Structures are given as C-alpha cells and as structure tokens.
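First subunit A sits with subunit B, and in the next complex the same chain sits with subunit C.
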Partner chain A sequence: MSLTQLPVLQQFVLLLAALALFLSFVLLAQARLVAAIHAFAWQGVLVSAVTLVVALAGTAHHLYFSAALTLALKGLLIPWMLHRLVRRLSLSRHTETLRWPALVIMAAVLLVIFSYWLVEPMVAQDLAFTRNIVAVSLAVVLIGLLMMVFRQQAVAQVLGFMSMENGLFLAAVSATAGMPLVVELGVAFDVLVAMVLFGVFFFQIRESIDSLDVDRLNRLTEAVEITGERPG
Partner chain B sequence: MIYSWLIALFQALLYVALAPLLIGWVRKVRARLQNRRGAPLLQPYADLRKLLIKEIRVPHTASPLFRLAPYIVFVATWLAAATVPLVALDLPIAQIADIIVLVGLLGLARFFLALAGMDVGTAFGGMGASREMLISALAEPAMLMAVFTLAMTAHSTSLVSVMSHHLADGFLLRPSYLFAFGALVLVALAECSRIPVDNPTTHLELTMVHEAMLLEYSGRHLALMEWASQIKLLLYGVLIANVFFPWGIGQDFGLLALGIGLVVVLLKLAVLGLALATAETTLAKMRLFRVPAFLNLALLLALLGLLSHVILEVGA
Partner chain C sequence: MTALLLTLLAPLLGGLTLALLRPLALAGWFNLAVSLITLGGAAWLAWLVAVSGMIAGMGFRVDAFNVYLVVLTAFVGVTTSIFSRPYMRHVCSTGKISAGSLRVYHSMYQAFMLTMLVALTTDNLGVLWVAIEGATLATVLLVSLYRTPEAVEAAWKYFILCGVGIALALFGTVLTYFAAQHVIADPAAGLTWSALYERAHELNPTVMRIAFVFLLVGYGTKVGLVPMHQWLPDAHSEGPTPMSAVLSGLLLNVALYAVVRLKMLVDGSLAETATPHLAGSLLMGFGLVSFTVAGLFLHRQRDIKRMFSYSSIEHMGLMTFAFGLGGSLATFGALLHMLVHSLTKSAIFVTVGHATHLAGTQAIERIRGLIRTQPAIGWSLLFGVVAIAGFPPFGVFTSEFLLLTATMQSQPWFTVALVSGLAVAFAGLFRHLHPMVYGAAPEGQQPVQANMLPVLLHLGLVLWLGLSIPDFLATWLDRATGLITGTRLL
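Up next, the complex of A and B:
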C-alpha cells in the first residue's frame, strides 16, 4: 500500500507526522530557549492534530478525547508553564552554545535511519495505514534522548524529555489506534506532575550551583576536595 | 521533429526575454511594500540596453579570461535554463539533459564567474569569489539531495518525467515534496544571491558577494553578467513553480496549449515574485558566518524529504 492509494485524509496524517519529526530536529538545533519552547508547543499541536485526523479517518472515537487532552496539555499548558519558569529564572534571552551542531544533526538523521531499519519487519505486515508512522515516532523518541544527552541546559533537557513523551504518544496512536483512556489519563497526569517537579528542581539546582548548566554539576566533588572538607 | 525543436528554441528565447521582467516585477513590488513608487516595470530592459551600447573598459591587469568569462557565464546559464520546461512539457531537449546536467551547467557558470572575479587581482573581487564558492559548496549538495528526492519519486532524473509523473498522480500530499520544496527555496535564495544570504542592492563592497565579482566589469560585459543572473533567478523560479505545481503547463504543442502554458507560468511567477519581495522586505541579511547554518537547514530538509519518501510513501 503506497501513498498514491491512500485517501487524502490518511495522506494528511503522514504529512503531519513528518512535520512532527522535522520539529524534533528544530528542537535539537534551536539554541534559544524561548524559541525551543515554541517548537515544542507546535510539536504538541501536531501530535494532537495527528490524533484528531486518525480519529476522523478511522473508527476509534475515543481518540477525539485524546486529541483534546494532548492539545490542552502539550500544546498549551506545559509550554505555558515552561515559559513562566524561564521568565522567573530570567532565562528569556538565554542562548546556549551548541557543540558541533551539524554533527549532532547528522547523528539524529542516523537515528531516523536506524529506527526505520528497526521497525521494518513490523511495517511489512499490513496493519493499518498508520503503521508507516511507527518509524517516525520511534525516531522522535530517540531524538529526544539525543537531546537530553547533548544539551547542557536543564530546561532544554526537560524539553527533550517531553518530546520523547510526544513520540511515545504518536507511537501509541499509530500502532494501536490509541491506548485505553485510563492509561492515557494516567500518563498525562504523570507528565504534568513531572513538569511541576522539574520546576522545583530548576530552582534547587540554580540555588546550589548558580546556573542551570548541568555540566557544572560534575565540579561539585572537586570543590569539596579542594577545601579539604569531608562530608559526614 | 523540427517543429518540437523550434518550440524548444522559442522557449529558450522566452527565458532570455522574460528574465528582466521578473526582476523588474520583484523590484516594483518591493518598492510598493516600502511605500516607494519604484522604477517602471520595464526598467531592467532599459538598463540592459544602456549597458549594451556603452563602451567597454577593461582593467590593464586583466587576462583574456576576463573578456571571455561573461560570454561563457551567459551561455552556460542560458543552456541550463533551456533544459527546464517553461510553457510546454514534452521537449526534445529532455532526452539530452537531465537535472544533473542542469546543476553541472550552473556549476560551470559559477566557476567562470569566480575566476573572473579573481582575475583582475583586486581585493574585493577575490573576496567575493571566495564567498561565492563558500556558499555554492554548501548549496550544491542540498540542491542535489532535493533533486534526488524528486527523482526517487519519479524513478528518473529527467525533469520532464518528474513533472509528468507529478501530473499523472494528481493532487497528493507528499511529505517528501514539502521538504524538498523548502530545501529548494532556501537553495534558490542562496544561489540567486537574494536577501537573507546576499543583498543585491547593496553599495557597500564589504558585504557584497555576487556584486563584488562584477565590480570591474562595464558595458556589454556587465550587461551579459547581469542578464545571466536574471536568467538564473527566472530558472529557479520556473523550476520551483513547474516541478511542485505543474498544473497548467502545455502537454502538447498546439497553440492553445502553449498560450495557456505561458499565461499560467506567468501567473505562477508573479505569485513567486510577490512572495520573494515580501520575504526580502521582512527579513534582514544574515551575517556571512550564519550562512552555513542556513544551508545546513536546506540540506537537512532535503535529507528529511529523502527519508520521508522512503519511510512514509513507499510502504510495503
């Protein structure tokens, strides 16, 4: 089943999924925090739109609710919370210097190829028209992971984590026409709680090392050795 | 057979004739957007005529290559343009030249342009040439990658089969075409030295890229160089318009089909010119050191187009 045989609505799902993948790359390479938060919000909106169109094109009616939940949570609430955090931490104009941006992007491209290779046996079975998206959603998850590895800024790492969740949700929608509502509500609540906890942690980290650059956490032990103090 | 070659010749002449009109249109729209009245639409023709009848002055340090380069640049760009279908689709020239030849001809023109820039030995010419080479070395892979995305869909590198494949498929929402479109637009902006990469109206030599290489030219030579860069802009415009929105192009060589094709392509180019002028009014020129990041984005878009073609469109 290739693209030419699909109805327009199902082609639209593939287009939206491809755009969500592109936004993962934007998140990965965006040095400005506020712009990265906006990219994350757009990714949330796209994932919610994918869910909505899958619901329109198929028969899974509970997906309407998931789409609304995703839009409210990942398109609006979490970006708004991150925005407020960034403003209160006075990081609105913060730009991170990325190390080897082109190489990181190429690594992300390799991850896309890897995830395609990984899910190919699954794609070979004709499940549903959404099965092509499984590779894309796996790639979104892996790129989120890559972002957490390569970014030094704590807020950017949280963005990577949240976009991983976007990828997982996309995988759930595309592989199995959505999770049961109870599971979905549970995950949504978990993400929200994680967001609140991250907010508290940001303030804690900044109070103890006066920055949100996570690499500086490594130097804590050295400082102890220099002053000669031993804990306990 | 002879008739179709005549159409091909007519189309190539049309490129030369229409190129100044497009640039005039872009300048006019830009002027209106900036609340100026602007020069008349046909001003580029008058400029070319003025330059063509003016006397040629050649610097005494110049080698024969300096005199030769404008002709090579003009002819190579013109030949490249002749391979892109403008008003009619099924041209005999498609059997000779595909997209790779198009990229190669543009590369040839650029090579001689950069050589001519360095030939006289002034600082600005050399600087412009080195910048042009920096930009093109990054733009060319992105362009080829975008072209391969199109070629993979049509299973051919010939522009005519890419377009007719697209026409036969009808309206499809292809993610790969969307990405390739983005990549080609970015590459076109860089290659035609338009605003985020290079400012074509600047008078400050230190920020010039394309203009810096033409500083020593005058008269007929300058006219040919300017004309070639106008043809290049038209070429990219037609490439983007006719590959991604091929509807309306003449499928046979009847007069009616050719007439409709001409009107439709003029409309498409008018819309593209409007978009270009709007973008140039709202965007600012980038620093030169940001240009690699800009072209990396183009390469990334083209790569994603290729990948999304394989992942999303082919299927099992």
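Up next, the complex of A and C:
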C-alpha cells in the first residue's frame, strides 16, 4: 500500500512526524546550546500538532486536552526553563565541540534504518500508516539516546532525554490514539519533575567540577584507589 | 479497599508533612510512625487478600503475588526507618548534610515508599511505569545528598541511565497498548493488566515480541541486569546507607515484579507461536550473565558498599534466571529468594552503615577488627554475609537449594554454571570479609552507638525461614506461584 493512498489527515500526520525526526537530527548536530533548545521547542510544537490532527481525525476528545498539555509542557515550559537555566549558568554563548560529527550523523541514519527494519514484521498486517509512524517515533527515541551518549554537555544530554520523551509521545498519540488520560498526566508530571531535578543537578555538577562537561565526571571507576573519606 | 487506601495515603501524607516539618528531632520519629502505619495497612491488606483471594477496583489489583511484596516493602520500610533515625542524625550532627537536606531526605524516603507501593498495587501498566520512574526521581536527590563530587557523579549517572532505560520501557508499554487496541474495544481499559491477561492469547505476537524486548531492557535497567547495571554500584555506594538498604531490598524487587507481570502477558500471547518460551529464554540469558559477571566483580571491589551492591546484582540475576526458567518449583524458589534476599541484604547494609561510621571510611582495606572493637557489628556482618552467601541454616540456602533443584530438573547443564557462580561469589565475599571482621583493630578505634534491632529482626526472620517455613507463608507463596505459572507446587 503506497503512502499516497492514505487519507489526507494521515499523510499530514506523517509529514509532521517526519519533520519531528528531522529536528532530532538538527538537535544531534547543533553545537550551540540556545539554538538546540529552540530546535527542541519546535519539536515539541510538532508533536503537539500531530496530537491535534489525530484529535481532529478521530473521536478521542481527550486528545485536544493532551495536545494543549504537550504544547504547554514541551513547546513552552520546558524550553523556557532550559533557557533560563542556560542564562543563569551563563552558557548562552556556549558552543560545544562535537566529536566526530559526520560519524554521529551516519549512526543516526543507521538508527532510522534499524527502526524501519525492526517494525518491518508489522507490514504483514497491512498497517502502512502505523508502521511508518512507529518507525519514525522509535527513530526519534533512539536518536535521543544517541545524543545522550555522544554529547558531553549536561544541558545537551537533557535535551536528548527530553527529545526521547517527544518520540514516546509521538508513538503514543499516533499509533494508539493517545494513552489513557491518567497515564498521560502521570507521564507529564514525571517529565516536569525530572526537568526541575535536572535544573538542580546542573548547579550541583557545576559546583563539583566547575563545568557542565559531564565527561569530567569520571571519578567512579571500578579499580580506582579510594582516596576521599566518605561519610557512609 | 480501605486497607489499600490506608497503605497508600500514609506515605503520601507523611511525605508531604515531612517536607514541611521543622523540628528535626521529631522528623525521624514521625518517619518511623508513618512507616508503621503503612505496615499496619499492608498487614490488613494481606489479611483481606488471604480471606477473599483478590481485591480489585479503582484501577488497583491486589492478589497473592503483589500483596506479599507490599508487606515486604512496608516491613523493610519500618526497619530501615528505625535504623535511619539515629544514623541520619549522626550524619547531620557531623555537619555532612544540612538541616534542609535532612528534611529532603525524610520527605523523599516516604515518596519513595509511595511509588513502590503504587507500582506494586496498580493494575494499569502506564501507572506502573509512572510509579517506577517516580521512584528514580524520588531517590536521585538522595544519592547526591552528601554533595561530594563522587555523589553528584553517581546521581547523574543514575538519573541518565535509569531515565534512558525507563524511556525504553515506556516505548514497550506503548507497543503493548497498540497490540491491545486490536483486542480490547474500550481504549481506557487497554493498559489494564487484568483485562490484558484474560485475553493475552489474542494479543498480536509480533508486536508483543518487540514490546517485550523494550520492556525487559527498560525495567531490566532498574533490576540491575548486566550490562545495564552501571548505575547500581555507584548509586548504592555514594548515597546514604539507609538508601542503599531500601534500593537493594525494595526497588530491585519491584522492577523485577514488573518484568514478571509483563512476562505473563507475553507468554500468553506467544503460546501458539513457534517461540513460546522467548520471554523466559531472554530472562534466563540476562539473569545468568548478571549472576556470573557480578560474582566475578565481587573480587575486585575496594569499597564495602560497592561490594554488596554487586552481590545484589548477583542475586537479582539468579532470581531473573529462575523466573525465566518457569515452572512451579523455580517460581516458588524465586519468590522465596526475593523475600530472603531483601531481608538479608537490608540487614547487611544496616550493619555496613554502622561499620563505616566505626571505621570512618568505606574502603575495605581500612575497615579492620570489627569484632574486637564492637562485637555486635562484627558478628552481625559475619552472620549477614554467611546468610547471603547461602549457608545453611539461613533462608537463602533454602531458596537457592530449591532453585538448583528446579534447574537440575529442567535444564541440568545450567546447574554447573549456577553452582560455580555461587562458589565464585562466596569466595569473593569472604576474602574481603575475613580481615574486616577478624583483623587487628587500628589503634584508637572507638565503638559507636548502634541500634542492632533491625539487623536482629531481619536475620532472625531469615534464620526462621531457613529452619522451617511457616504454613501460612508457604500457602501464600504457593498461591502466588499458582498465579504466575498456572500450577501450584504444594
């Protein structure tokens, strides 16, 4: 079944999801923190737009609420909090030197292919729309993971974490017409608390290593001699 | 239902009150009181379940399997709060943490208990996820409580790794929900475990297979399965010791509980396909690798809390293996092992907490002569390690013996790996233990104030379970085994 035979609304959802995936690539390679936060905000807006379109197409009315929640949380609140933190940590002009940018992007491409390969068995059930959307959201999740592995800057790692959550929302909304409301609220609450805690940790990390380059957090290894006295 | 509400509301309200409670001397006692109320609620709940078989409603489901973990969680919660009251005041009085941090500690302690209990009692896979993620959030600030560079690093690692793991578990949950939508018409019921379990054979096996891999990797991160275990030794060794006790004794169990519940769904879905035991085989593989690797890592540890956290990984690996093996004997053994491991390991961490205060360090090579300086601590540590290494007459021996018998029955070749793994772990523990307990005490080492009541209680129970398992408990575990495997043992 080719994509052009899908209903227009589904095609539109796929388009928005593909743009969200594109923004994942932008996030992955964007060295400037502030620009990366903006890219993340746009990704949140896209996920919220997908939710809205699915709500318009279907009968699940709580999706309107969930679209508003996603927009408020992922499009506005979390980017704003990150922005404020970056300013307070005076990192506004911070640019991170990326290690092997070309290699990382290639790895991300491979992850997209892997996602499609993983959901390939679902094609047998004639689920052209769902298969694409699940693959795209899985790719967003995996690229978020890749970003957390390859970026050394704590704020960039948090962006990776949050874009993973975006991918999960995308999967929940478009493949299944939204999780039950109580779950969605719970997940949103967890994400919000996580963001607040990340903020606390930025300051704790900077206090302890005088930088937010998490690579320099390397005191805990297996065979290392224990030097400091610890309170137990 | 009232019992359940009591069990859940006590830590909720207690946690909120503790966040605001100013007098620090009171906070420790209040924490203990809240834990006691929770235990009362849990015991009541257990009695109701014993009478009626199952309590369900309002999105909760309490049956023989989870109520036993609820009681265990509440019980370890009480004994650890007995230990933590003087311990944390000691830490606070030495100026390592501020009064505000102590308030955070108490409040988050109850928040953690709440998330554990919600995760256990909920019937909704989504809420289960939210609660287990909530447990990470509640404990992550406690890991960094001392604010040393090591503690902050451990907490960040814990946060990031568990965050990633748990995100993968959510993806698995979404896929499960996706599979459910083709089976269950009502979208609101699509994540309800009992509804899914009734119609598990109709769930699409292809989707469930992919979903289970994500769920296993996700929740497996929290169980501490190798190779996703990296956060565990760091978080256990850098956080305050009462936290290590509840992390090891409770969090790992609850994560494993989630894996077992999901395995039951996947088994139902895959029953008619070419690979009916896929979930079990995956669990066996991950379990055996964790068991072996952790046993080897025990040998090279230099930090006492790190060492015992590797021992936790080892035991979680053994349980995961047993649940993967399936069958009523292995499952009964695994359930019993969950119980005795939690009790023994939290007793060990309590003792280790006192030992580190005594020696003023966590470095194994500088903890010496415990028996000479303070026999209570020395003997407790010795008996705790004897128990955890699986010596008779302690309960761990009983459960490990059952597990080995079950393995011998169905997969005899794995017995070799298990027995040699147990021997390696035993050697690893004792080569470090011996000098710590018997070695010459450094000059000027003074006894510390220690409350050994939790240790005595836990080790006494483990000893009792090793000598004779009381009838009601055997019936209870047997009913849980019946729920998980479909056939009873006794």
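By definition in this document, the second predicted complex is superposed on the first by the 209 of 232 C-alpha atoms of A that agree within 3 Å, B and C clash if a C-alpha of one lies under 4 Å from a C-alpha of the other, contacts with A are read in each partner's own complex, and residues count from 1 in each chain.
The definition used in the following text is that a residue touches a chain if its C-beta (ideal position, glycine included) is under 8 Å from a C-beta of that chain, and two chains touch if they have at least 3 such contacts.
If you're wondering where the values come from, they're calculated on a predicted model, not measured in any experiment.
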| said: By residue count, which of the two partners contacts subunit A more extensively, subunit B or subunit C? | reply: C
| Looking at the overlay, what does A:Asp190 touch: subunit B (first), subunit C (second), both, or neither? | second
| task | Figure out whether A:Gln157 sits in contact with subunit B (first) or subunit C (second), or with both, or with neither. | result | second
| task | Figure out whether A:Val182 sits in contact with subunit B (first) or subunit C (second), or with both, or with neither. | result | second
| message | In the overlaid three-chain picture, which partner chain does A:Gln11 touch, first (subunit B) or second (subunit C), both, or neither? | response | first
| Which of the two partners, first being subunit B and second being subunit C, lies in contact with A:Ile105: first, second, both, or neither? | first
| task | Would you tell me the residues on subunit A in contact with subunit B in one complex that are also in contact with subunit C in the other? | result | 124-125
| Across the complex, what residues on subunit B touch subunit A? | 169, 171-175, 178-179, 293, 296, 300-301, 303-304, 307-308, 310-316
| task | Can you check the complex and tell me which residues of subunit A touch subunit C? | result | 60, 118-119, 121-122, 124-125, 130, 134, 138, 141, 144-145, 148, 154, 157, 161, 164-165, 167-168, 171-172, 175-180, 182-183, 186-187, 189-190, 193-194, 197-198, 200-201, 204-205, 207-209, 214, 217-220, 222-226, 228-232
| Which of the residues in subunit C come into contact with subunit A in the complex? | 59, 91, 94, 96, 124, 126-127, 129-130, 133-134, 137, 140-141, 144, 146-150, 152-157, 159-160, 163-164, 167-168, 170-171, 174-175, 177-178, 181, 187-188, 190-191, 204, 206-207, 210, 234, 238, 240-241, 297, 300, 302-303, 305, 352-353, 356-357, 360-363
| Can you list the subunit A residues touching subunit B in their complex? | 1-4, 8, 11-12, 14-15, 17-19, 21-22, 25, 101-102, 105, 109, 112-113, 116, 123-126, 132-133, 135-136
